[in-house]
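For reference, chains read A, B, C, D, E, F, G and H in written order, and residue numbers begin at 1 within each chain.
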Amino acid sequence: MNAKELKTLFEQVRGGKISPDDAVQKLRHMPFEDLGFAKVDHHRSLRVGMPEVIFGPGKRPAHLAEIFARLAERGNNVLATRVAEDQVRAVRKKLRKAEHNDVARTLVLRQKSEKTGKGTVAIVCAGTSDVPVAEEAAVTAELMGNEISRIYDVGVAGIHRLLAHKSELSEARVLIVCAGMEGALPSVVGGLVGVPVIAVPTSVGYGASFGGLTALLGMMNSCASNVTVVNIDNGFGAAYVASMINRL
Amino acid sequence: MNAKELKTLFEQVRGGKISPDDAVQKLRHMPFEDLGFAKVDHHRSLRVGMPEVIFGPGKRPAHLAEIFARLAERGNNVLATRVAEDQVRAVRKKLRKAEHNDVARTLVLRQKSEKTGKGTVAIVCAGTSDVPVAEEAAVTAELMGNEISRIYDVGVAGIHRLLAHKSELSEARVLIVCAGMEGALPSVVGGLVGVPVIAVPTSVGYGASFGGLTALLGMMNSCASNVTVVNIDNGFGAAYVASMINRL
Amino acid sequence: MNAKELKTLFEQVRGGKISPDDAVQKLRHMPFEDLGFAKVDHHRSLRVGMPEVIFGPGKRPAHLAEIFARLAERGNNVLATRVAEDQVRAVRKKLRKAEHNDVARTLVLRQKSEKTGKGTVAIVCAGTSDVPVAEEAAVTAELMGNEISRIYDVGVAGIHRLLAHKSELSEARVLIVCAGMEGALPSVVGGLVGVPVIAVPTSVGYGASFGGLTALLGMMNSCASNVTVVNIDNGFGAAYVASMINRL
Amino acid sequence: MNAKELKTLFEQVRGGKISPDDAVQKLRHMPFEDLGFAKVDHHRSLRVGMPEVIFGPGKRPAHLAEIFARLAERGNNVLATRVAEDQVRAVRKKLRKAEHNDVARTLVLRQKSEKTGKGTVAIVCAGTSDVPVAEEAAVTAELMGNEISRIYDVGVAGIHRLLAHKSELSEARVLIVCAGMEGALPSVVGGLVGVPVIAVPTSVGYGASFGGLTALLGMMNSCASNVTVVNIDNGFGAAYVASMINRL
Amino acid sequence: MNAKELKTLFEQVRGGKISPDDAVQKLRHMPFEDLGFAKVDHHRSLRVGMPEVIFGPGKRPAHLAEIFARLAERGNNVLATRVAEDQVRAVRKKLRKAEHNDVARTLVLRQKSEKTGKGTVAIVCAGTSDVPVAEEAAVTAELMGNEISRIYDVGVAGIHRLLAHKSELSEARVLIVCAGMEGALPSVVGGLVGVPVIAVPTSVGYGASFGGLTALLGMMNSCASNVTVVNIDNGFGAAYVASMINRL
Amino acid sequence: MNAKELKTLFEQVRGGKISPDDAVQKLRHMPFEDLGFAKVDHHRSLRVGMPEVIFGPGKRPAHLAEIFARLAERGNNVLATRVAEDQVRAVRKKLRKAEHNDVARTLVLRQKSEKTGKGTVAIVCAGTSDVPVAEEAAVTAELMGNEISRIYDVGVAGIHRLLAHKSELSEARVLIVCAGMEGALPSVVGGLVGVPVIAVPTSVGYGASFGGLTALLGMMNSCASNVTVVNIDNGFGAAYVASMINRL
Amino acid sequence: MNAKELKTLFEQVRGGKISPDDAVQKLRHMPFEDLGFAKVDHHRSLRVGMPEVIFGPGKRPAHLAEIFARLAERGNNVLATRVAEDQVRAVRKKLRKAEHNDVARTLVLRQKSEKTGKGTVAIVCAGTSDVPVAEEAAVTAELMGNEISRIYDVGVAGIHRLLAHKSELSEARVLIVCAGMEGALPSVVGGLVGVPVIAVPTSVGYGASFGGLTALLGMMNSCASNVTVVNIDNGFGAAYVASMINRL
Amino acid sequence: MNAKELKTLFEQVRGGKISPDDAVQKLRHMPFEDLGFAKVDHHRSLRVGMPEVIFGPGKRPAHLAEIFARLAERGNNVLATRVAEDQVRAVRKKLRKAEHNDVARTLVLRQKSEKTGKGTVAIVCAGTSDVPVAEEAAVTAELMGNEISRIYDVGVAGIHRLLAHKSELSEARVLIVCAGMEGALPSVVGGLVGVPVIAVPTSVGYGASFGGLTALLGMMNSCASNVTVVNIDNGFGAAYVASMINRL
């Protein structure tokens, strides 16, 4: 059941074709079914009209594959992030069509394809080491129905490389900017555009970068007011919010 | 010069009425004029179509008043945040019509009034101590052309108070959620709506709240994927991004 | 010697059947016997009427097995936590009946079974990744004589899943709530019940979760006043305190 | 409406004297009334059968006095913590009988007096500087219907002073232990008793005590398993949980 | 005794006009004389050929004035930093010609004036709030014999304002870059020039800027390799090193 | 294209041999060429007249080798830092002449050899465990055209060992000082010389050394004013800045 | 009762002049008497043969004066540290002979004077700002019966000033070394002597000195093995331990 | 050359048997000889009269063995700490008599045996997991000529186990107390004895113990004034200082 079907349900209620009580019952019994080890929440998908997402780390391959398959039965797109090799194998034994992107560390089952985003989501990253995070964002944003553009390896110490992409930056309706080390890129990009910038600190760096904490703090203190921040290496989360914004 | 005038300039260039070189010159000389102690950047306003904002703390009253007045001459709305009493007096000696909100600690000069936001921005806060931050967001969002709705004092330890506002939450096109202490409210709100949530950690709390750091970290780790975070107590920044989103 | 026997001793003293001095001697010589590498303290068990517990990490399999066996001779229940595979094998070579729970990472020898808890201890966790910690708590609480109820995978971003369990929550006499990431669940649960909530931050999360520190700080700052906190991933400690409370 | 009245309501429902729907309505409309600046939640009091508590810091004297008075009208006990002089004056202008304890920094209006606690709550503190936090706990615990015993100035560097109180410690049904600096007292006390110990880190200390963080971390790592921890200086919270436990 | 005189001494030794032993004695007895409360070290001045500097905070006005005067007697330039009003008055009562700069919070006695720097030291700052730190650097660098150029209020969120100064940046022989908040400016400047950049984190910012720690960490992780960092707000130290470099 | 060629270009422009527009075109098209996975920026080399440097960690051997080879074609010196064994093999399969230094963990291709440094760069380290960082600095500084001198194993707890090298220290035009643990060496060295000292905190130490953070903080707070700091273990960065200074 | 009297007591027991039981009673009733607000522990003095010490901060003047007077009655030396002006006045109203040292912030009542230390305690400090901490140590060490020598203002950036005192350093039987900022002095001093060095980090510094934390961490990581550390600014504690050592 | 020989040298100078200059030369040329990779400093041994110590981690087995052998030639005792298996083998191939203690992770070559300590050094530890650190201290202290007594597994949660050892504690001339987790043991021990206590935080613990940081901070804040602290797990350093004290 997706957002459309839900709306249909409400219209049936409004039109008197189904009683409110029955509607409540229908909704109440629908949300989750028990797999024994985890409650699969179809509600979330329903509420935001997006594919259910499975966070890979710590899940046993067999469990992950079972959750993946159960969700796939509903006909929605399914996305698993940060997947390991053995998880990939377990899922693909069940679902041949699941696509693995080894840079982004994602596993995608595409069952629907609808462009719900109204504009382009630009995905920008500072260095080549930030690419895996940027690609997680790219795969996610694309699966969620967005046109995307990639602008990679444009760190602030070579400001002209970034400025060479100014028109692409300006054309985006929302931007995702991934950077490690000092995390300065979102501030510069934020100053160049008039739309929301979602900053993703990456764990790239060494010494006093503290696994991305320095970048995170830098981004929280951005002098550009159109910057908001998600968790370290959270390319998925950035793409999720960007998708929500791009549908508005 | 606002975004419209800028577009006009570009169309004149395209139409051959003005040479590119002259256009470049016009733009180059326009952006900032030197007040001696600070460069007032009209460009920013131009790029994002929003009023220029002055951050009060640390500025001498006379300087703040001069910057405020200079910006006011352009005919735009002007907003000063975190203003102290003596700054307020200095500005209002020059500009009688500047409105002071002592809860939000803002000073506003309204010279234009246009609803540019397409939907409602809901401003939610956890406790009464979070109200100043929420009000800074409310004043800002309203000045930037948004309908706003306030949902205050709905902390997670009394979850039914929050749920009683579920329909207002659902009607918002973008939400700003302010919370101190453990900073849990954005996660719960994020799970209730299908639109972007901008979380503002506040410095409310004591002991191990560390001036808002605990709330900030909690929000960065939100289990709701539609949550992004701005700096501690940064009600202004949250409203700024919310306004950008609400115009899309 | 357990709490009952101790009480008997004191009654013999009161009844004049044994002199206070002899009683003192008896107690003084009883407490610990030297195994060479560790002093096994039967006193603690005696004082709180609970099984002795062995913390596995860092102990050599042979030593752990010897301590385990020595304690078992007394006839009490014995619990080892965070046990590794080689430790399990070493113990079970000596004690066939020791039960291994590989999710909870516990090893249990049940020699007595008495329900000392007066009500139910509810064990709640936010996500599937928190289950190992929750299970450590469940195994411990059960061994310590409590009825338990498990309410798993009810994170705050899907608040209705939690509310669907409201009656189970209300029936508990004491609750253990395990959560990683932002650690918000205890605050919400705390607001729903009128009994003590013991919060266990877990090391689940990534990026700025800092191995559970973010959850710990969040729980320390809980806006629900009936929440107290134990160490990160300390399911055992939570169950220990819950058992003490449930006997009162 | 207190817990008893609520139970009556449910019994009326069970007895068929009132329909469930009406009961729901009654409950739904009862919980909070709008004072304009804060929602007073009578629900919380109802759920846990304790007086409503007002956290003083940051509240304007007039607002605090109004909230205080509104709550007083219901006939419950009312407690304000961390009150400043001007807040005290504002409240006492309205409510003469409110008692101010300047060590505990509390303001209490006692309208009911019922011993709901089954045993004694012992309140222990390490040094004389910890007394304000201990007293906040003492005032709170007493108002919540507990017998209390005070054991003050028994820091671990003079272990015999603590041991001299061993019988009082053993008689308590639950203990609150306040300590700053290295925060070691709860571990020692925890080892001496067989009941729950609620540890309160205090901000007492200097240098590397970091406002209580060192004590907090020490208590989280207590080697005594019957210790749980509340926030720094949170005497109120400790007493609140202790009261809940003491009623069981 | 300055560097020249010292060199003369060595040449006298080489020329046999003074025995090494006598030279050693001369040097040994020269370095510091006892004022009772502090040892004034003329050696340092001698070693690096720069004026002695007095750090104001924590020094009693009378003591500071006495140290200042004692140093002045030698004929060198004297600089006091972070001076408070009462310290300024105390010094100027003794030394009328000491110049006070209230933005830079410096007190300068100029007794020699020699351009020892070979090129220009550019002093760059991100926002108007960073000006006091930048001015401390400017006053210091000038007193130490350098041409300076000021490039203020050129934060990275308005990158074109910075780029408008590209030629001034390129002309500098060494640059000092002051920035608070995310501290990104040194990285961008470092990428634009081929000479050393000394980064000064400032305590400007709020929330998660932690008094300059965020800027400091950002600068330590700069992706531009020609950036080194000094302590928070340490405009003096930056100018000191810049002066050393500019003499080479 | 190196700095000289660039200067030639500008002189051609000044001399009218090439039009400014063509010069701009020439520069614009030169900077980076797309390898698919990373933009190789020849500009940086050009701007500072130094070899391009490749940071090894995280790069796949094949990619690293391709970048290395592409840069080598230009005829410049090439340096890869923190290289792993498999990266070394991949590069040397293509470029036999690349020299591997396994202490410094560097890979160097020397195609030009020109002494551009005017004096000596002294590289000082505290203990034998700091040698790898010091050697990274030494290899880098030498490749960048500097005379270097090594003063190793002269920690502050044996101050006479350091003082025995006083003349070598004094002869350096710029110094790089590497130290872990308490990071005190730069302060002592800084007090002995009158030239810039670049401090490199190393991750050497244990316990409360926190991977170099303690050394970093100590160096930031150095009481010697001629000390600036680079990131933990950043021998390369220190040598880079030292080279820039030594050319002035 | 001091250590001698205690020994007498034990000898009386051994000699049969007093029964063990009576001795126990005598000891049991002696240790502390209740002043209402604090338990004065004469035991501690007895155990270590040193004057009782009162830590001033947070104590009300009247209370402090009463504790001070009560202790004075026993005939021992009394020391109050970190005393404020109003505390000084309150004590001296009762005890004229109490001496106030306003640099050390101590109040001393000298009733006995016995040199119990066998050698000299050298007190060393890095800068003039560290003097108050050093003086607290000096006053304490002297009152506890030690010869002391002061070696002040010998920071590591001017190593020759320190080395000029080498013989005084070598003559000490134990050293106390106070330093703020990078806290390097104890390492250097530790390397120069063959006796114990007690390091006292001071809160002197700014920026990234974090109120003495940087110095503390540096000292914990000292490369000199004869260094131990006490809390930030804890001159008293350092002198206390030094006195214990000097009596051995 | 040891301390005695050194004294002899000085006496020869005093007696006119050797000129001061020759003595200086003798000393100057003696201190270290170059092994190529590290300067072996015999001076340190000489200054404090203790064996040279080699810190194992990070040293290649062959190098460590060579340093070990070189030192052994002088006839002193030699100690290597934190040695790994391969280092042990490398050393023992050269020096059969070197003794390996696998709990303490030490390697000892005993060539002299002289009791230089005047009393007993008690080594106390809280739990069995702290034993390796305690044993490192024990091996070191014994090698340095002290009688030692071991009091292990006496954590504060079982205070009676500690008190059972009170007489052993009282007989020590100096104590080393090792504890992880909350690090409370030194405070309790410090209160029981009148001699110096050297606290060693261990990295034992989990969750919020942060590798020993919590214990370290707790010990720094000890309420017992006779406690000083060394680095985390630094059993060697504690024994080194204890030995120095015990010789006084």
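Worth a mention:
Just so we're on the same page, contacts are C-beta pairs under 8 Å (C-beta built on N, C-alpha and C of every residue); 3 or more make two chains touch, one makes a residue touch a chain.
All figures in this text were calculated on a predicted structure; none of them were measured in a lab.
Considering every other chain in turn, the ones in contact with both chain D and chain F prove to be G, H. Any chain touching chain B that also touches chain D appears here: C.
With steps allowed only between chains in touch, the distance from chain B over to chain C comes to 1. Bringing chain C onto chain G by least-squares fit of CA atoms involves turning it by 180°, to the nearest 5. Compared on C-beta pairs in contact, D-H and A-B come out with D-H as the pair having more.
Of all chains, the one whose CA centroid is most distant from that of chain D is F.
Centre-to-centre separation between chain F and chain G, using Cα means, comes to 49 Å. Between the CA-based centres of chain C and chain E the separation comes to 60 Å, rounded to the whole angstrom.
Here the CA centre of chain C is 26 Å from the CA centre of chain D. The geometric centre of chain D is 54 Å away from that of chain E, both derived from CA atoms.
Residue positions 44, 157-158, 191, 207-209, 213, 216, 220-221, 231-232 of chain B each touch two or more of the other chains. Interfaces, counted as pairs of touching chains, are A-B, A-C, A-E, A-F, B-C, B-D, B-E, C-D, C-H, D-G, D-H, E-F, E-G, F-G, F-H, G-H. By the touch criterion given at the top, residues 126-127, 155-159, 163, 181-184, 187-188, 190-192, 205, 207-210, 213-215, 217-224 of chain H touch chain D in their complex. Those residues of chain C whose C-beta lies close enough to touch chain D in the complex are 3, 44, 47-49, 53, 118-119, 173-174, 191, 193-196, 198, 216, 220-221, 225-232, 236-238, 240-241, 244-246, 248. Contacts from chain E toward chain B in the complex involve residues 128-129, 131, 152-154, 157-158, 160-161, 164, 204, 206-209. Residues 31-32, 37-39, 41, 43-44, 57-59, 201, 203, 212-213, 216, 231-234 of chain C are the ones that touch chain H when the two sit in their complex.
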